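Note that the chains take the letters A, B and C in the order they are written out, and that residue 1 is the start of every chain.
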């Protein structure tokens, strides 16, 4: 997964015109694209052990609410994604000849909030399509349209934070991300039980 | 008998709309001529959202009441939504081309929203097709429809906040307003909604027939 | 008399195929019931619905008076063995049991785990990953997993599958403890031999419907016909 993200970032870096580099929008767009691919891989694998070992009934029959399974899968996917990002962000910034201005904390916030939305929607959708064969591409088709608002905001926010630093606009965008996470989180949490059972 | 009435009713409304829109008040300039596209675009857009809402409410019922009828309604409404969405995209793109010279603009919230809506309808049917028929398929499709519906206002919010749009002025603020707008537009809206409702009813009958046929095999 | 498992009018369809139709049965505590039927008759589905793994399209299921599925208390009462072992192949036997121990909220499960590993004869291979196990060993581990939390109702799908003679002995011993007191067993079997001495009563299911005792006939010939 980390390798995929690295490869994507490198390829994009090679393909872009050197004169355009240094653009915060480009860097942030490319990075988030890489994160989306990595994130999709992560959530697809979230149910992999249950698929391979056919142990899903074991989780269903255990005395834990279905929603706990959802939360657990989300947390593990987010962790995976954060590890990948810890790698990829510095490399992307270097490749795009770009230095961070402003404090790193808000940047961390965007990453976390964006990851959360990605993983929440991805995990729910992954559970939807887990029993099917063409799981990977199908997952992308279903999740990406849902993620469009999230990606628009995270890319803009990351770009702004990286280029200018903390601004009011960045603050508003972060707030919007919080709203997204709350809405999608609540919806996915409530809908998961309907989706996981056979 | 009821179908004949419905078709006649729709035909009358559509004829009235076309008459009012295309003939009754001739446009005074090119801009107004092009702006008449909104007699198609606006009603179709409204109906797309309406269809989506019906599908979402039906999906809620599928999950809450485990109702098969609600599932058929969701399917039919999504079908109408897809059709209306296609018309919305086409008329929107045509209008953009005629009015501003380009077919598409990624920076426009309205255009992006239409595209996302259209894609979500398609995704809904792709999901249904990839799952084997049964209770789970209905539940999962309903869940997806609900999440997709929640996505719509968020798409609108984010695109509005992030982009400026030369395509966004509301109908009332339109500079190049075609004459007779306030007469033609409501009729066009009524006509399109009537057609959409008729299509929905037809779709419902179709799904009921399909389900019955499938149950017999 | 406590009823361990009660199913009333249970129906379950998969697409156009009706797997269970209007199934009504009662397993009292202290009894062991065997469910037989040809392949595809609905045994696995029935067990899954009883365990709360599958939802019924209509009808009710209650385990010791409570509904299974997505509920803490009822889940603790149920020990479930599916047709495939519910063990993670990447983990070792001990790790699997530790995981399930935590899942079921067992405090200090080490002692119990050691005990069970000895009982099923896996103590010396407990540290190896499950992928290295034979089918019989995986089955034995699954048995340990199913009884780890000391459930009161055992639901077992073809428990004798893959087990060698020693394994069968272990299973027999375990079942003996469940056929008494406030516990109960419902297991499926497609073969007439295995399970004869484990069951107090036999139910027959055919094409999703439970046959009444009058309709039940010797099932020995089913295998050659199907």
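For this structure, a couple of remarks:
Quick note on the criterion: a contact is a pair of C-beta atoms (placed from the backbone, for glycine too) under 8 Å apart; a residue touches a chain by one contact, two chains touch by 3 or more.
This structure is a prediction, so every number in the text was calculated from the model and none was measured.
Here the chain pair with the top count of touching C-beta pairs is A-B.
Distance from per-chain Cα centroids to the pooled protein Cα centroid is smallest for A.
Look at where the CA atoms of subunit A average out and do the same for subunit B: the two points lie 30 Å apart. Mean C-alpha positions place subunit A and subunit C at a centre distance of 40 Å.
Rounded to whole angstrom, the centroid-to-centroid distance between subunit B and subunit C, based on C-alpha atoms, equals 51 Å. Taken residue by residue, subunit C touches two or more other chains at 55, whereas all remaining positions touch fewer.
In subunit A, 197-198 are the positions where the chain touches two or more neighbouring chains simultaneously.
Looking at subunit B, no residue sits in touch with two or more other chains. Across the interface of their complex, subunit C is touched by residues 132-135, 214-215, 217 of subunit B.
Across the complex, subunit B is touched by residues 13-16, 55, 57 of subunit C.
Interface of subunit A with subunit B (complex): residues 121, 124-125, 128-129, 131-132, 134, 138, 141-142, 145-146, 148-150, 152-153, 156, 172-173, 176, 179-180, 183-184, 187-188, 191, 194-195, 197-198. For subunit A in complex with subunit C, the residues that touch the partner chain are 49, 52-55, 57-66, 193, 197-198. Residues 48, 51-55, 69-76, 78, 80, 82, 84, 86-90, 100, 103-105, 145 of subunit C touch subunit A in their complex.
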